[in-house]
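My questions all concern the structure below.
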Amino acid sequence: MPYLFNTSEQQQEMLQAIGVDSTEDLFSNIPQELRLDRPLNVPPALTEMELQAHVSKLAADNVGPGSRVCMLGGGAYDHFIPAAVDEIARRGEFYTAYTPYQAEASQGSLQTFFEFQSLICQLTGMDVSNASLYEGGTCVSEAAFMAMRVTNRHDRVVLLGSLHPEYRQVVETYLKHLNCEVVVVPCVNGSVDPADVDAAMNDQTACLVIQHPNFFGTLEEAEQLTEIAHKYGALSVVSYDPISLGILKRPGDYGADIAIAEGQSLGTPLQFGGPYLGLFSCSEKFVRRMPGRLIGQTVDRNGKRCYVLNLQAREQHIRRDKATSNICSNQGLIAIRAAVYLALLGKQGIREVAELCCQKAHYAAEQLAQIEGLQLPFPERAFFKEFVLSCSEGADYLLRKARQAGFDLGPELSRFEWTDGSGADQTGVLVAITEQRTREEIDRLVTALKA
Amino acid sequence: MPYLFNTSEQQQEMLQAIGVDSTEDLFSNIPQELRLDRPLNVPPALTEMELQAHVSKLAADNVGPGSRVCMLGGGAYDHFIPAAVDEIARRGEFYTAYTPYQAEASQGSLQTFFEFQSLICQLTGMDVSNASLYEGGTCVSEAAFMAMRVTNRHDRVVLLGSLHPEYRQVVETYLKHLNCEVVVVPCVNGSVDPADVDAAMNDQTACLVIQHPNFFGTLEEAEQLTEIAHKYGALSVVSYDPISLGILKRPGDYGADIAIAEGQSLGTPLQFGGPYLGLFSCSEKFVRRMPGRLIGQTVDRNGKRCYVLNLQAREQHIRRDKATSNICSNQGLIAIRAAVYLALLGKQGIREVAELCCQKAHYAAEQLAQIEGLQLPFPERAFFKEFVLSCSEGADYLLRKARQAGFDLGPELSRFEWTDGSGADQTGVLVAITEQRTREEIDRLVTALKA
Amino acid sequence: LATESLFALSQPGRRGAELPEADVPVKPLNELLPTAALAIEPTGLPEVTEPDIIRHFVNLSTLNMCVDTHFYPLGSCTMKYNPKRHERLASLPGIVDLHPYQNPSDLQGMLALLYETQEMLAEISGLPAVSLQPAAGAQGEFTALLTAKAYFEDRGEKRTKVLFPNSAHGTNPASAAIAGFDCVQLASSKAGLVDLEDLKANLDDQTAVFMVTNPNTLGLFEKDIKQIADMVHEVGGLVYIDGANMNAILGYTRPGDFGGDMMHYNVHKTFTGPHGAGGPGSGPIAVRDFLSDFLPGPVIKRNENAGENGDQYTLENPPKSIGRVRTFYGNIGIVVRGYCYLRTLGAKGLKAVSENAVLNANYLKAILKDVLPVPNGDLCMHEFVASASKIKAENGVTAMDIAKRLLDFGFHAPTVYFPLVVPEAIMVEPTETESKETLDAFAETIRKILQEDPEYLHQAPHSTAISRPDEVVAARHPILQCCEPQ
Amino acid sequence: LATESLFALSQPGRRGAELPEADVPVKPLNELLPTAALAIEPTGLPEVTEPDIIRHFVNLSTLNMCVDTHFYPLGSCTMKYNPKRHERLASLPGIVDLHPYQNPSDLQGMLALLYETQEMLAEISGLPAVSLQPAAGAQGEFTALLTAKAYFEDRGEKRTKVLFPNSAHGTNPASAAIAGFDCVQLASSKAGLVDLEDLKANLDDQTAVFMVTNPNTLGLFEKDIKQIADMVHEVGGLVYIDGANMNAILGYTRPGDFGGDMMHYNVHKTFTGPHGAGGPGSGPIAVRDFLSDFLPGPVIKRNENAGENGDQYTLENPPKSIGRVRTFYGNIGIVVRGYCYLRTLGAKGLKAVSENAVLNANYLKAILKDVLPVPNGDLCMHEFVASASKIKAENGVTAMDIAKRLLDFGFHAPTVYFPLVVPEAIMVEPTETESKETLDAFAETIRKILQEDPEYLHQAPHSTAISRPDEVVAARHPILQCCEPQ
């Protein structure tokens, strides 16, 4: 058996020390009638060599960006990951440690998470960040919960219809059992009309959830919408694209109360949708209502600066059913990846990545829109790195044609349930252009789609 | 510029501290007329993202074992490498350290090399091992040099014609300028006749170099040949396949004086032929004549067990032109790989790997030999994991047919210069079967070659 | 030097990454985007070189204890060895680079892997329907509770209560609360098990779910579990098994066989997804057939007769699904590691894991019990909860003191002060991937520590990078980032 | 615990790796192989589990100082940062898994990479013919000397002498000796440069090669190098440039331009192949056109008009090749890293490397010179050699004492006692991948150390894993493996 130590001699010695005859005796508290009286019916064991051959074969049955040009978007993006990120994240000292309960033996994780929090604050302009939540979608429900606690309004939240439809579904799953009304303001022509939002808000609304740039890639009037939220005493929750903050105003700049995001773009591979990274930051005044793990700076007995798990009184192991959230882990290793990524890019790099995405996406949109049968349905809307492309012959036709030429576009808007009609364009497909895409690739796609 | 720290402000501060005006002034000792007055004509700089795309493209222009079944042999083998080997070897603490000159800051490398030496001694049955040389081929010339020092015979060495032809070429390159005669005993029917060796030896011969299993995969009478060497007062130098020692008698068991090997099979990837690992061990009595780095155990000032570079008085920085060798590095990181590999396999594992190779190779040989037009030219000779397959229609025909079916065989014997006729079979091709090859693959090759 | 702040390494103009020039025609940004949306100033991210970043984080990493360097008997967390092959295989191209919205036809290898994982988790639990979606155990609890809720609603029942023993993980009540249930905490018996009387007293037709960890957090198997389940089922409720301690019973007994209707796994515990300094985890749930229609979507289905152009594996939403609990399909990277582990062990290997986990725990308990008494239970399962309360009464040495002092000797501390029902709790889980030699050394060290001067122990640890931090100050004046708020 | 022997972790029956059953029909081994050839007993390899092996070597690794954790100003070794992208790219499938005997048509990407590397090394050296074969600098020296020998023999000359200054690396004479030359060591001038008089006195028609490191081991550029080369050429000899210190002159001047006929590179120094705790290195050589026919085979050629089925890149043996100096084609894995580095930097970047390497060395020298005088030279190149002889005379503190004490402060020691021509030599090479902040901290520490009690310094280091080892006992009674000889 791999990974086991006890030789049969040792097993005997140990049983003797325990005072039983066999390992079977150790399980005597499990009533005989509850025992499984047969071997588990699972596939046979594989040695490392066999396992590697087997998983390699499974991997070969998939088609990854290595063999296809990835222009897929919708909340997960093929950004470049510097090798230094892997170098740090694959250190056993990080990936085989656990939650830093013992601060004296965990300063590596603690300081890294503290720096992660600091980097996220710098990126977003927010006062405080936690050490991460699960992923972008659950961040929205955690933000809604937090807003309900802060505002003491438990019955109503308002979402923009341009929110990622899966995020919306998550919020609905989380909130509907609490008799909290989830109001969706429909998205028209790629973004939401602030007047519609104003109409949907009232003084029982805990928060307004804005995605900016939104699911369709276009910019929302985040600043104005934040003002509207505040007018009704609601919190402004902004879901941002972390890469976009290299050039866009930061949530902290325009008064967002809670800033959340999917952090996958910051150095984490696509890996079929997870594990990803929920970024969650807020104004200082709400810090004790914040979900998730927080690392704080303090001093040790000798006055040396050090870091600890802070404000644990908010958490489940103390507050149990009164805790700020049921989440009791963070995405430690993914947060470490993001910290290294942000440190590497730095002030200039994050701006340049954002600019490259934006410039290349605009070039691609311009070229694609000139092809007969393809349209940008929201030509008036500003977008960042992702846009909707409509095809007169239908989304499937477009996807298939691109795929045959070696390009993955999508997701198609018709993939999602659009309860409010926001994504009603059944011929629309998202196209995301990261800094990794080259003009040559874009031109090749254009040529192929023209053919 | 990547990897640089000095900002232009800092450059100014530093220049001021030095007392010069510009960095140009720092180069004033290089006469102006010797300066390069133009930029180097090298390709333009690539960012990490571009470099990765570029090298990935070059990699895609090659065909590796991932897409083809590798049955190539001839001194480099596609053995399985457990992931734990990479995990250790990719730790910065190992790969970004240098030669452990400062023992107090290098116990990690020193103890690991000491354990490497110990593992090689256990594997080979030899008394002492150095901490590695360049690779298998240069080990032969280092062994010949050492034998010349030990025996004080400088004019003659005898090699078996079944030695890897590239090893033979290396020895010739190294020795011919020293007026040392290199006698090659021709190999007949896949191995060398001990009587021929006896005839070639004399009392001016420094050493007899035996490869066992030999280049053609077959076993030599290593024990008897060692006795013959000793009869003439020469050293017996045995080049072994480290994997084979899982089932074969060890050089130490039959009295070899120097045991050498290419250690690539012990956890190092093929990487187009290098860096590999020269294994070099010998009898205790010759230790001070041994080339290469040696790690010794000692105690520190507090009596604590520790490890140091030992017997450095043999080396170039002290002995200069009287040194035992001009080699002043070891293959540190590759030796670390081998140490982890041997530790993982252990007593049982090395035996099982050897058995698997041997059984599968025999199955393959048996099946292939039944195909019309293919023959095992040395049916009487015992072999370990590699054998010669002859093709009536020529080596090229066989290689091409296999390649079309997705199999790489070889090298073909005609690839090499055979000054003594040892590899005269121009229709012969080596086939190596490691533990990674499956019956399914072998059967598939057989089917393809039958077709 | 290692603990210098990353921000202190910043100098204007330094760079850790270079980006290429745009290869497309470049337009002024304010032609592409409205000026009002553009940042006025660049972010305050630091400017650090790659060499400094590597040195900074490598040095920081060495301040951690971890499984790869130290014995880490952190009770309830199952800090077993993380096989290195998992890291390699989870990083293969074709695994690590798949986009969640690729065409399913290009994902058949991945979907096959996930489908097989569902099947294996169903078999190990004895509960046939599996969802891989939950990101962690706590989300698994929440997801299962919502599933139960939907089930009851579908039957026209509106049950309001979730019951759990006072030894439960804090996430149980927290998850029940956010799922909109009323929480009812039950007493534990003197033996450290569910108090059947108290359970009976609280069961009624408002009882939706009884949540119980089995083996429980005291490391004891709830021997009356079948009777408990029958009692819950009798009032129409469901039994939820918190699977945190599955490492004790793999192949010996199954939640589905001892009365559980739903459970979650912690892939990062039982199936050795690396703990990653706090995550990511993965908390798949398994439920009975009658609950399968309510699981969150999508799940992976296998289509026996997929035909020429059809895919063998597809992603499908259960008909009465509670909806999504997260974006995409789960913490797939961790699930892949769990899959590798399951395929490595097979049936015999899985059982051997539990056999040796339980053996190691009982052995360590046996050789320590004279100095570290275990209040509840004679035999334990994969972990045991000792109490330092007698020691504290005698000389003032606390569980925390012992825990901290262990760090000095190169052992990570056990879990302390949990579960809450044991005073001065010291919860030790050695796992099966440790040797008798290590257990002996650990026991020897505990004995040595208990001989030491209590004052010295109060000040422990003495040889770690820092001494005990001031957590009170940290909480009173939280400093949560290293720059001035902007 | 970390330093326990690997063999002490062995228990009979433990396993670190599992192998599958054979999937072919199995025969008794003694039917396949003669019994006399079979081992009678299994090897004495230890039996250790994977978790123990990982913990053992991970913990051992942390006892090393390395570039990724510490400033490592080891003179002459160019301990610059090893870019992480190189490790990733050198491990790509299609790079790391190529067999040396694959069909060249399946290797065109690799051969293109190697060809481009040859071209870049030729351009940087000003010497047009390159061999990538040598495994390390020392083998590069040997290979070049044999090349020279073959050249002379081809011309019917039999020259016997190799000259080198007394400041040379020990490998220069060692390589000359095994190439069958007589070694002649020359004096150095007071300025630390080649003594032209002594050179002249020793040059004659038996002179085959003059070997010189430039910049030399004192960190000084041989400003008379052109004149030196002319003198050597005048007697028909060749000039060999030991390229160990190329990091100082990239893009500023080229060996081919200042009179060198042959040189070797150290890819692991100048082009940041990782040093790997002692290797592997890579020591390509570059030579003048008239020497190219003698280079070891094979070299990579580009065929401009390869045609339909022909390969663009091929492996070819030079017509009068000295033969092979190693198996296969070179330490390709290291060459690939060097290629990545060259492609990352480009012309401007390469020059900036030398600019900043030289700036850093001169800065550090400038801020230290009052306490650590540098006997030779005013400006240095990329490194400088200080002398502690005055300090030693004053209070007995040696270069070694200072080196050892630096370890306590988290700095790897500089090279000491080399080159031999400087008494109490301290050879400091900061490299360009260190910051002014680090250099300042290093200088500050040296000052602090020089204020300390000499007795305390003799005993240094004080905070490392071990104190100074007893090397005398080690050499007298060598213990070179941990088991009894069998």
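Every chain is named by a letter (A, B, C and D) in the order it is written, and numbering of its residues begins at 1.
Note that contacts are C-beta pairs under 8 Å (C-beta built on N, C-alpha and C of every residue); 3 or more make two chains touch, one makes a residue touch a chain.
None of the values given here were measured: they were computed from a predicted structure.
Across A-D and B-D, it is B-D that has more C-beta pairs touching. In this assembly, the C-alpha centroid of chain B lies 46 Å from the C-alpha centroid of chain C.
If each chain is reduced to the centroid of its CA atoms, chain A and chain C end up 19 Å from each other. For chain A, the set of residues touching two or more other chains reads 2-5, 10, 46-49, 52, 56, 66, 82-84, 87, 90-92, 435, 438. Among the residues of chain D, those in touch with two or more other chains are 11, 14-15, 17-20, 49-52, 54, 58, 62, 68-69, 81, 83-85, 87-89, 93, 433-435.
Taken as a graph of touching chains, this assembly is fully connected, with contact between every pair of chains. Within the complex, the chain B residues that touch chain C are 2-5, 7-10, 46-50, 82-84, 86-87, 92.
Of all residues in chain D, those touching chain C in their complex are 1, 9, 11, 49-52, 54-55, 58-59, 62, 68-70, 81, 83-84, 93, 410, 433-435, 437. Chain contact summary for the complex, chain D toward chain A: residues 11-15, 17-20, 49-52, 54, 58, 83-85, 87-89. Looking at the complex, you find that chain A touches chain B at residues 48-49, 52-53, 56, 66, 80, 82-83, 87, 90-92, 435-436, 438.
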